[in-house]
Amino acid sequence: MAEEMLLTDDFLRQLINVGEVDILVGLRTHNNADTIEPVIRAIQTGILQCFPRERVVIVNADGGSQDKTPELIVGASIDDVWSVSKVYALRTLHSISTRYATSPEPGTALRTILAAADLLHAKACVVFSPDSTTIEPDWLQRLVRPVYNDNFDLVSPIYRRQKFEGALIQNLLYPMTRAIYGYRVREPYASEFAISGRLASDFLNKESWNDESSRLGAEIHLTIAALTGTYRVCQSFLGPKARDRSAGDLVAAMRRTVGALFSSLDSDFPLWSTISGSQPVPTLGAQSEVVMEPARVNRKRLREMFATGVAQLEPVFRSILSESTLSELQRIATLEVSEFNYPADLWAKTVFEFAASYHKSVISRDHIVQALVPLYRGRTLTFLLENRDGSGEDIERNSESLCADFELLKPYLLEVWADRK
Amino acid sequence: MLLKGQAGWYKDAIIYQVHVRSFSDSNGDGIGDFQGLAQRLDYVQELGVSAIWVMPFCPSPLRDDGYDISDYRSVHPSYGTLEDFKAFLLGAHDRGIRVIIEMVANHTSDQHPWFLESRASRDNPKRDWYVWSDTDTGYRGTRIIFLDTEMSNWAWDPISKSYYWHRFFSHQPDLNYDNPAVREEMWNVMKFWLELGVDGFRLDAVPYLIEREGTSCENLPETHEVIRELRKKVDDQFPGAMLLAEANQWPADLRPYFGNADEFHMAFHFPLMPRMFMGLRLEDRKPITEILQQTPEIPASCQWCLFLRNHDELTLEMVTDIERDYMYDLYARDKAMRLNLGIRRRLAPLLDNDRRRIELMNGMLMSLPGTPIIYYGDEIGMGDNVYLGDRHGVRTPMQWSGGWNGGFSTADPESLYSPPILNPVYGYQAVNVLSQKRSEHSLLSWMKHIIQIRRSSPVFGSGSIEFLYPANHRVLAYVRQLGKDTVLVVNNLSSAAQAVELDLRRYKGNILIEMFGRNVFPRIGDLPYLLTMGPYQFYWFRLRRI
Amino acid sequence: MREIIITELTQAFQDLLRGFAHYLPRLIVMLIIAFVGWMIAYLLKVLVHSILRLTKFSKLSENAGATQLLNQAALPSSTELLSRFVFWVAWVGFILLGVSVLGIVGLQEYISEFFLFLPRLFVALVILFFGLLAASFFSRAALLAAVNVNFRSSRLLSISIRIIISIFALSMVFEVLGVAKETMLITFGTVFGAVMLSLAIAFGIGGKDVAREFLEKKIVTGKKEEKEDELSPL
């Protein structure tokens, strides 16, 4: 029913004209005119170099751009690539665009792309970020080939990152997903990934699209659906990660990721409650890479926001956290930057208590997610301090240690979940 | 005598390519001949074609199927006599069918008396009739055409102890067109046949007539000079005779062969042909529209020659590496099918004997701008035999009936010049003229019908072409126009049913009349014209305003 | 004399008995109505209790902050309270109905006024409940938002919002009940207007730079300012 609303008559007509495809490339855009052209060129070059015989379509789901982003995508002819890359286009490459809404809704955009992939019987569907200024033509085949040739259902990316970038993923999303679902997927929330046509169809037909949190955090739900279903998952190393444009808005990022992750725990409880430990997923290329570029971080500000949060949100935390956890946090809030330490096990406990409170809806679920933000800042500070002088191996070791804490404390989650604590 | 007719007859012609040796044997020696060919003229007339192109029939050691000529003014004894040829020519003309013969201008057989004289000594008067050198380093960088068999374009002659130039087989030395005597003599040869009454020549291997150091030795200005000379003589002395260039080049390089309507009348559009096959497999019109977009305008009196298959391999010289790999993978997985950067298969086996695809390809052949050539046997869907070596697999005996030797000859089967096709799918018992004549729905009957429709309108031969680019890339659509005559052609290149919306607002108010069934389709309005098409289906619509 | 007294007393006693006999059926009816009403009220209480439990009303009440308030006032839970309220309203209603059967002049009018008042009382309670709910929700939302942008006076902002919404709800309640209607409206209007005006002045004078930055970010697309010290979390 909702799928009919997704596909406007005009978009449907465009899909009819495209016909069946082998590979569908999805781009979710909103005012990305300043970065989209090199992304498109890289995709087109990747298609010509690695999939010259395949039937490919680029589908743009646009959330009301005012800067002619869709026109740039549709207007980029693959024959222009010839003059740059000297690679010849054997087939017509379609680039089509639809405006799915007047303001961006990433979940709806993804759903539009999946609907197109389903209708066109795409064997592989790959989604790229329109901000991916570091993209190379090779990324296409690194994501698509495992699906297209090796029958994987989900290919999650691995990036080369500045060592402190992606703290939310490193400190929360990755360890928690790993502990809960038992698979070591480093980027459970990825803006670039590839999925099989089978997974796209199955995910598209899930009931949970009507749920607000599912739409907001569709990427995490997709990863979880792949991990919990009968699908084959792998990871593929791509290259440097471009900075996420929405980086400044931490609350929005938490809603999309942590909120979605917490909400998934309700429906998947019978499955994850029986899982212990974790196993690696097949990885193509490097497991992880960091670059030691310096980063300017205002540590005092982080500590201050943590301390302010702990103090000001005490009434809220009383509904969410246990006495012991709260008092420990209050103790840490008194520490100066130089002595600051938010231990990994306490952080894991904090996250689990938040997850349990989310499950029980002790207060508004959205407020629970927001309340976690200042505590996350505190954990980020510890993450920065721990790894300040560390090498890539040191960071990896610390990350493993954090993940181990999450896995060890999983029984605690089960207890607070069932109100046994 | 030339068949009388209007100038530019070749623009509306439909040409049937035959090899005398392969067509029909009248005397039971296992080799086709002119008497046999003459006996089959009724068939050719019924088919509906307007011209026959006869492959080389002059005396020859037959080491290259007759393209190695040892006497330009006679007929190979296996095929009959000069009188037999004249009788055939007369019979053709009586039926309104013109005759085009080969002129292998670039080279002769090494058994030709000219070469035998030339090689006899360095002082021989005919020494300069060929291209000689003391070393084999001249014209370095010139590509080798027969890659599978030749290592060099120079061959050592042990008699005159020097090298001679050959762009094809080493037993086919190139004539030296820098020598006026050669040009004069070749004109005399052409004149000989023109005086007998042939209507035109297919000049074989014209790009290679002249060589120059530091060039590719192809398409040189001096070559064009030779051609202009020939053309002038033809026009002056035999107006109405036609010259057809065999030049396997990119469209832009082919254009000069038309000159200012003072060189060839026609030229084969080699690059289009593999792209038609490619477009069909890709289910994408892109290869076809792109090559035609790159095809330059030619003088109004000139014409492209289109073909699907011929006596040679399906050449993949004029495609990119990626396209060649694609064609090999899709059409010639078995390496035995590949030869000299090409694929040596007939039309029906290339298309998996799929009647729909055969019809579609012929539909495009008949409706794209140019004069179509039908290779003998393709009108009944003959098969091939890739194991016969060289290009012999596509030159097997014509299959007339399911009887003895497929009706080709009364000789012992073992004595035939080539074994016929015998397998249950393409063998003469399954595929032959007699059985197809008995069915209204056979491929032969269909070919006759489409030829008839094609000939019903001059728009196909002489009209302009404008491509439509509907959003559905699986559909190739174009409009042919000549004066008030407008035909819309829509081809579904896909193996699946397709819907296509065509922007025909320019033709608003016209009704469409489908030319095969003559049924009326709805009038064109302001909205895009929706057509739904079955797999590999095509439409020819005549537009009419009433 | 004695006989007159006896006669009068007898007469009076007879009158009393007659009066009693006259009212006794009505009294019996009243008691029956009250008893039946009690049973119905009890059934209603049980029904309401079950409905509220099924719809997880206690959670809503917790979110509203009502549970905490009730706990502090040593009152039973909101579900229990509401069920009891329904019980008492129903039973009092039946009792009053029974009393009306007695036919006491003047009482009818008060009884009908009471019944007319009940819907307004119910609406007022609903307004109060949702008002408290909204106050709790929005104050917490404001607190979280303010804390997350490092706004210094987050608590103050949160409490202010809670008070304003609560006062707004209360004034609506009083208006619905018809108690000191005009006084409450004027008071609320005055206080609210004064608060808003002072906030506007404070923001306009002291926060104009912040306002400009905020508007620039929201209206001018294309330029995204990155905070130098903000690492990408994703």
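By written order: A, B and C. Residues from 1 in each chain.
To be clear about the criterion, a contact is a pair of C-beta atoms (placed from the backbone, for glycine too) under 8 Å apart; a residue touches a chain by one contact, two chains touch by 3 or more.
Predicted model, so just to flag it, every value in this text is computed and none were measured.
**Student:** What chain is the most remote from chain C, judged by the mean position of CA atoms in each chain?
**Tutor:** B
**Student:** By CA centroids, point me to the most central chain in this structure.
**Tutor:** Minimum centroid-to-centroid distance belongs to A.
**Student:** Could you tell me the distance, in whole angstrom, between the mean C-alpha positions of chain A and chain B?
**Tutor:** Using C-alpha averages as centres, the distance is 59 Å.
**Student:** Hey, how far is the Cα centre of chain A from the one of chain C, in Å?
**Tutor:** Centre separation, chain A to chain C: 45 Å.
**Student:** As a quick test, compute the distance in whole Å between the mean CA positions of chain B and chain C.
**Tutor:** Taking the mean C-alpha position of each chain, the two centres sit 96 Å apart.
**Student:** Touching residues of chain B toward chain A in the complex: what are they?
**Tutor:** That would be residues 278, 282, 284-287, 320, 322-323, 326, 470-474, 494, 496, 498-499, 501 of chain B.
**Student:** Can you list the residues on chain A that touch chain B in the complex?
**Tutor:** The touching residues are 13-14, 16-17, 19-20, 52-53, 88-92, 94.
**Student:** Quick one: which bits of chain A touch chain C in the complex? Just the residue numbers, please.
**Tutor:** Touch list, chain A to chain C: 31, 34, 66-67, 162, 164-169, 189, 191, 243-248, 250-251, 253-254, 257, 295-298, 301, 304-305, 308-309, 312-313, 316, 361-364, 367, 370-371, 373-374, 380.
**Student:** Write out the stretch or stretches of chain C touching chain A in their complex.
**Tutor:** Touching chain A: residues 59, 62-63, 137, 140-141, 143-148, 150, 154-155, 221-222, 224-234 of chain C.
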